[in-house]
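When the chains are written out, they are named A, B, C, D, E, F and G in that same order, and each has its own residue count from 1.
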Amino acid sequence: MFGQLLLNILIAFLWVLLQDEDTFEFSTLFAGFLVGLGIIYVMRRFFFKEFYLKRAYSGLKLLLIFNRELISSSVLIIRQILSPKLNFTPGIFTYETKLKGDWEITALSLLIMLTPGSVVVEISPSNNVFYIHAMDVPESKNAVLRALTKFEKAIMEVTR
Amino acid sequence: MKANDVILQTVSKIAVFIILTYGVHLFLAGHYEPGGGFVGGLVLASAFVLLLLSFDIDTVRKGMPIDFKLLAAVGAFLSVGTGLAALAFGVPFLSQTEVSATLPILGEIPLASVVLFEAGVAFAVIGTVVTIIISISEDV
Amino acid sequence: MSASATGEAIGAILILAGAIMAVISAVGIIRFPDVYTRSHAGTKSATLAVLLTLTGTFFYFWMTDQYISIRLILGIVFVFLTAPVAGHLIVRAAYRSKVPLTETSVEDELKDVLEQKDYHDPTKSEEKQKEEGH
Amino acid sequence: MSNLLVIPMVLPLIVGIILIFLRPFVRTQRIISFLTMLLTFGVSTYLLVEVQRNGIQTLDFGGWDAPYGITFVGDSFSLLLTATAYFIAAIVLIYVFATIGEEKEKMFVYPLILLLLAGVACSFLTGDLFNLYVGFEVMLLASYALIVLGGEKGQLRESIKYVLVNVFSSFVFLIAIAFLYGTLGTLNFAQLSLRVAEAGQPALLTTIAIVLLLVFSLKAGLLLYFWLPGSYGAPPMGIAALFGALLTKVGIYALFRVFTLLFYHEPDITHTLIGIMAILTMIGGSIGAIAYNDLRKIIAYNVVIAVGFILSGLAIANQAAIEGSIFYLVHDMIVKALLFLLIGATIYLSNVGRLDRVSGMIRNYPLLGWMFFITMISLAGIPPLSGFIGKVYVAQGAIESGAYVLLAFTLISSIFVLYSLLRIFRAVFFGESTISKEDMLPMKKAMIIPSIIFVAASFALGFGVEGIAGVVSDAAETLMNPTIYIDAVLNQGGA
Amino acid sequence: METMMSILVGILVTVATYLILSKSLLRVILGTAIMSHAVHMLILVMGGFSRDSSAPLLGEEAASYTDALPQALILTAIVISFGVTAFFLVLAYRTYKELKTDDLTKLRGHDNDE
Amino acid sequence: MYMLNLAIVSPFIIALIVPLLYKSLKRVHTGWFVLIVPIVLFLYLVQFIPSVASGEVYIYEVPWIPSLGINFTAYLDGLSLILALLITGVGSLVILYSIYYLSKERESLGHFYVYLLMFMGAMLGVVFSDNLMVLYLFWELTSISSFLLIAYWYHRRQSRYGAQKSMLITVTGGIGMLAGFIMLSTMMDTFSIREIIANVAAYTDHTLFIPAMLLVLLGAFTKSAQFPFHIWLPDAMEAPTPVSAYLHSATMVKAGIYLVARFTPVFGGDAVWFWVVSLVGMITLFWGSFNAVRQTDLKALLAYSTISQLGLIMSLLGIGSAALYFDAADTASAMYSIAIFTALFHLVNHSTFKGALFMVVGIVDHETGTRDIRKLGGLMAIMPVTFTLAVVGSFAMAGLPPFNGFLSKEMFFTAVLDVTQLSFFSIDTWGMLFPIVAWVASVFTFVYSMILVFKTFFGKHQPEKLEKTAHEAPIGMLISPVILASLVIVFFFFPNLLGEYLIKPGYAAVMPTFVGVEGYDTQFNISAWHGFNTELLMTLGVVGFGVVLYQLWPKWEGVYAFFPRKWTLDNLYNRSLLTLENQSTNFTNRYMTGNMYHYMVYIFIAILVIVTGVVAYTGAISIDSSNDAPISIYEGFIAAVMAVTALSIPFAKSRLTAILLNGVLGYLLALFFVFFRAPDLALTQLVVETVSAALFLLCFYFLPEWEKEARKPRIKVMNAVIAVSVGTLVTLLALSVQNNRFFDSISSFYENAYELAGAQNIVNAILGDFRAFDTMLEVVVLLIAGLGVYVLIKLKPKKEERGQDVEGE
Amino acid sequence: MFQVLLIIALFLFATAIGIAAFRIIKGPSMPDRVVALDAIGVNLISVAAVVSIVLQTRAFLEVILIIGILAFISTIAFSKFIERGVIIERKRDR
């Protein structure tokens, strides 16, 4: 219930932003609210889970961690692309997570995948085992695992 | 092992909201910026397509029990109907009125018949595209 | 240095960086040995490239026109959100359609799991095997 | 401005859309669709009379003057064809009621027919080249949906060809529109005509005209009729009757419009080519009509022959020939519908589609047999039935222009028409009766009433030529004098 | 630019034509899809091209606008092509299901009478 | 006022109620009601004889299509009166005869009399119509009613065959005639025969004059069974005998004669007319008589005899037309014009004796069950009245006294002998052929006439070969032939009665310029005795040779072997129809293969040939790219990528690749839309491309993988050539258009979109307002596509359902 | 200078697109091609953004989000097709 309201307000603001008006108009927000109401009404049956957007700080921290990992692993992969001889050993390994629920799992997956050098190939039906493909297993597996635990912790700070 | 679509479905839910909002915006913006009934409708339809791809027909049906064929017909009816409305005023068929009313809360919105016309276009597009996609998908 | 010149400069740098990134990732798509590794280049590096470009464009319009484009922000968010999912789906599809890992691959912990738990994909017909050219 | 002019197009359109909502109520759908056709026929006829009184009717949609908006132009030619089309549609509907089956009735057959007619009417009435394309597409898509209605193997097989050819021709149409827009910068027929005239129809425009000629030839079945015999054999007969009566006629209409209003400056190239194509069409059609024992094929090739015949008039392009073509066009629309319905009834009653598998049906179904006989006579152009006067006028036009080859082929083709249908009559209706009294299927009234009406119409049109002679000569005069059309569209109200 | 575009249109038409002449229905449909690209591009090119014009949006307050009419025409044409392609594709698929072939040479019908 | 028009139409009106009478009054033979019609009409027409004989004509016009000059104009003069009296007079007798001939229990008389009345009305229409189009109308109606009457017993194969043959030949001729009529009317701007006759002098040098003449003759010759179109007549004998007597001997076949006579004032005097009419007539005369001799079926014999006699009349009309070459006052002209008189005289005579003979044969057939002379013989004793009638008819036919045939035969000899004295139309010694052919034909005529009488009525009676026990016909059946036979004799003894009141006015109608010239009244005195002149010697020779030939018949039968069966005209007709149908099937099957590929190849080739041809002819291609906007490097690069992508599609190994590549094309196209400053287009293109790709994927699950095109390299190369040519053509034309922008676009108007439509997006203003109609319809297109897809998927055929598979075949 | 840089950037993007197109043509596996298509989509976004600057218009910024949306949808569709053949299930057995 709360999540829906939140989302509605979110859409209303999104609406205001999309209008590209020079000044903020309450009427526009209201129009956006109506639009959101319509959309959410149409979509109401998809709300299986609720969504909380709190703990902005935790979120920001997560973002920072993520950015650092993003840049470092990007460098890694660019080096690999540009190295005259391709010399790496990719592979798939597993990782069992403590996270629970669709949103947490999804968030972690997104972070893993956005970090260059690692892709989630599968998630077990039980929602707890990640099968991850890494560019260079001996070298980056540990780095990925380290990043994973960092992400996991940061996510939990946000969600729990 | 069954494929686990949790990532896809979770992200799709968010994406669908963005797409739907964007679609409505495109539809209404058409008078001034790129967009309009057709593109708006198509984008809205693609939101449904995304839902269908991420979930399945039964789920989407349960979520939105709409007969899309009829939606298409409603759209066509609106488009032709706004044209016919002109007949009642003794002006040529499809004459669009150009009133941009300033309503108390909503502010200035283009209340032109063209909006109704475009809405018809959008409905028709959504209705048709989704009808086609669902019809094919169901035919196994 | 005027705001517009700054905008141009920041924009140009970011965009150029993005363009170079784009080419590099494209090279990766060409050079890497299998679809899994290519997907690292294709969906991740390219994502980074587009994020750079969009950010550059955003800054340009912001600095020169004082125009904050929500579309751009929305675009950035959207790409951030969806590009990894896309990558995940492609790789999973590749794996499930039995596209082999490159020979240099060292380990595959998924292989047994996928096969052992009576994994059977009914939609997989012969013609699809043929289609992948393997 | 007369909003009435849009009614022949928009009424079936809106009713067709509404009927989609009335899907489960078959009876209601029937009544409404039939009344709509009748009403639209009435309005078209009224407009036709109005044109005789007050000249060409125009309607600028949205109030945007030509050439900027889209304009509907109702002259005698277009309204005569529109009225005829609705008359035919109304009558054919009765046959459809009786034969199509509830399953298809619940699958939007009436909305689709109404939309088909809306497309046809749009094509007849529009004064805008691109809108003509759109009108074509409305008609074509409705026809695509109708041709596969039922999903039989044969239908699917032939529909593929029908759809592909039409899709392709639509592309070529767009290409031609693009070229014309590039050179002339406008889409309005009247303005196009002015600009072609002003430019003096140089070689490039003539070439583009030829591209358009090919486009409409594909649609009309002029020379490029390969798709036609199969397609017209595919759908349920009631639908096929509409196809046979209306679809090629729209292409023919477009050819007449384009090559009398726009590209009439180089007849040595364009009209000669039309003439050659018409001759080849008549030859191919004639040969095809006697080549098969399959009833559907025989009548489909008869459609082809008529296309060649009617376009002979355009190739000759003098007042008499054009008048003759218009007379013949109206006749052919009605009698082709009749022919299809009769063959439909024959196939239904005999349960056989070939002339070598059944005989003596005139003993079982005398009314059917005699109506077929009359239809045969009518199509052969024998007086006093409706085909005669058109034939005479085309021939007269040919003689006036010294087009003796065309004269010969038009006349010889009517012998082939006669022979091809005589083969059917002789084999199917004459001969020993093969259907015993016990096995005889009862003939539904609704199945035969439409044919009776069409036969009556053929007689009425034959005897009552005087009644439409004025309209036809006005139509031909308007076609022969582009200024009449241009003035009506571009100088309305003003000068 | 115009010459290059015209040649590109020609290439697309060539490919489309070649595909339309295929046996396989699928190739044919793909041919029509490519043909639609070619045609839309052609209409655009026929509208003319100038580097000095801006998009036909009056809000941009440009000195001159590019010709909007061909754009509107293409939009309509795109929509129609889409409808037709959808129908054609489904027709092909139904045909394949009923007749078990998508080979046009096998979809002859009973033309060979007598 | 319009009694005459009404008279013509009255048979049609009565025909409408005949089925009613037939159904409601089963006990009375329908013929009795029908009989009233011709009798009343005959009596009505008889009234006209005196006034017409004194030179009056009657015209009544009922407007039909006045604005086109097509009116129902009834025109009564001497010529039409002769024919009309024959039509109604012989008609009355035939109907009377038919009442006894056709059983009211077994036959569907309702149909029969409808056809017969229809024919009668049509025939009256032909002879009374002054308007060419109305004449044509009735002319074709006679063909149609003849068709129906021949096919009266349509369950018989031969009936259907004969009916179709006659219809095809006569209608074809009719259509030719129509062309001739239209040529005449186009030349002289009238449909009225009278006006044409009045104006023709100014048009004899018109280029259309001779074609019109030949076409009109085509109609006449086919209808009157002239060589080589005579072949339908013997097969028309499948009709019931009263029909043969009426249509195929006394009246319908005379329509062609009538037409030639009617148009003699138009075309007569022209060498072509003279030669064609007289020669065709002579050939027909000979060929008919020659073939009649070998017939074993009595009706077939009479059919060939009719052909022959029609040829005779035709040749007389041809010879007579020569008179018009000369000045009316010229005495020489009178000599030839007498042939016209003879023609009309023989026309009447022939109707009497041939009508009687048909009825006789009908009686024989009716009473014995056969018409085969090989089975017949010795009937003289059993059927004395019939025998007498046969003798009268046959001897008249053979040209023996004291029967009317003798008179006209003698006059015919006079006419052909006169031709030899002609010195015009470059006739020279060829003129001798006329009397020779005439004489030879007369010999054969004598022979078959004798065969008719002697093989049937003399010799041994062979009851075992007959289906029935022969006996004399009922009195009712004999009345009509007796009346006709009486006339045969009456006309011999009082020929001038006939000549004065009927033939002379008829002659006056054919040769109007000769009326009233010096000696006009005296030349038409018919007498049986002219002294021992050449004509009489010829007749004696005919009898002599005829008797010899008759006696020696089996010995010279072999002559016919010179005309191999394979090469008869009948065979020619049959084989050409068969060949036509077979070759049509072959030909059509060869190109209408049902293979879409072939159709597309034809279409592409047609486009290439025609457009390239016109381009080559007009020189439409003119290219100048100097004004092009410069290409940016990235645009060029994208274009190159697009080209490569497109070109690689045909080589794609899998459909998914192809669809992906197509998607790339679509996306890059969107990019070009961006380059071309078309944001709306780019948006739409992108979405549509994606949704289309989704559709492709949806359907792919069910569709087969695309295989490598299993085609011969030759075909692949051809396809490639076609494809490249089409592409090149489009490019060249596009470039030419860019070099030839004759006018500015109208679209600057739309730049006022904000003021006009309150919109800033011009494209949208066009779509939503200026050209909203297109948009509305495009929505409808989409809707239909959606419905179509839905219907296509949801409505599937139910297997094994009756009717379904027929509908769908 | 700025314009030149932009043109260079556009050229680079075009090159990237070209390379990706080459991968689509070459394959070898289907997922390879989808990866490349995705890359093209992403590069198109960049091009649209840069062209907006070159042409001094905001009109094409609309295109950016659209491409993002559509690239996402099409990649899902293609992946599902490769993986399961059916891209839209009637009922997911999950």
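By definition in this document, contacts are C-beta pairs under 8 Å (C-beta built on N, C-alpha and C of every residue); 3 or more make two chains touch, one makes a residue touch a chain.
What you are looking at is a predicted structure, and each value in this text was computed from that prediction instead of being measured.
J.: Chain by chain, through touching neighbours only, how many steps does the shortest route from chain D to chain G take?
T.: 2
J.: More C-beta pairs touching across which pair, F-G or B-G?
T.: F-G
J.: Looking at mean CA positions, which chain is nearest the middle of everything shown?
T.: Most central by this criterion: D.
J.: So, comparing C-alpha centroids, which chain is the farthest one from chain B?
T.: So the chain farthest away from chain B turns out to be F.
J.: Distance from the CA centroid of chain A to that of chain E, rounded to the nearest Å?
T.: Using C-alpha averages as centres, the distance is 40 Å.
J.: Need the CA-centroid distance for the pair chain D / chain E, whole Å please.
T.: For chain D versus chain E, the centre distance works out to 28 Å.
J.: If you average the Cα atoms of chain B and of chain D to get two centres, how far apart are those centres in Å?
T.: Whole-Å distance between the two chain centres: 37.
J.: Mind checking the centre-to-centre distance between chain E and chain G? Centres are C-alpha means, answer in whole Å.
T.: Measuring from centre to centre gives 21 Å for this pair.
J.: Mark out which residues of chain B touch at least two other chains, giving numbers and ranges.
T.: In chain B, the residues touching two or more other chains are 1-3, 7-8, 11, 15, 18, 22, 26, 32-35, 38, 43, 46, 49, 53, 69, 73, 76, 80, 83, 93-94, 96, 128, 132-133, 135-138.
J.: Pull out every residue in chain A that's touching 2 or more other chains.
T.: Residues 14, 18, 109-110, 120, 122, 124 of chain A touch two or more partner chains.
J.: Taking each residue of chain D in turn, which ones touch at least two of the other chains?
T.: 13, 17, 20, 61-62, 130, 134, 137, 141, 144-145, 148, 151, 153-154, 160-161, 164, 168, 175, 178-179, 181-182, 230, 291-292
J.: Given the complex with chain A, which residues does chain C contribute to the contact?
T.: Spelled out, the residues of chain C in touch with chain A are 21, 24-25, 27-28, 31-34, 36-37, 39-41, 43-45, 47-48, 67, 69-71, 73-74, 80-81, 83-85, 87-88, 91-92, 95, 101-102, 104-111, 113-114.
J.: Using the touch definition from the top, list the residues of chain G that touch chain B in their complex.
T.: Checking each residue of chain G against chain B gives 59, 62-63, 65-66, 69-70, 72-73, 76-77, 80, 83, 86-94.
J.: State the interface residues of chain B toward chain E in the complex, per the touch definition above.
T.: Contacts found on chain B: 32-34, 38, 128, 132, 135-136.
J.: How about chain D: which of its residues touch chain E in the complex?
T.: 130, 133-134, 137, 141, 144-145, 148, 151, 153-154, 156-161, 163-164, 167-168, 170-171, 174-175, 177-179, 181-182, 187, 230, 291-294, 297
J.: Per the contact definition, I'd like the list of chain F residues that touch chain D in the complex.
T.: Interface residues on the chain F side: 63-68, 70, 133, 136-137, 140, 144, 151, 154-155, 157, 160, 163-164, 167-168, 171-172, 175-176, 178-179, 182-183, 185-186, 208, 211, 580-581, 584-585, 587-589, 591-592, 594, 596, 598-600, 602-603, 606-607, 610-611, 614-615, 617-620, 622, 730, 733-734, 736-738, 740-747, 749-750, 769-774, 777-778, 780-781, 783-785, 787-788, 790-792, 794-797, 802-809.
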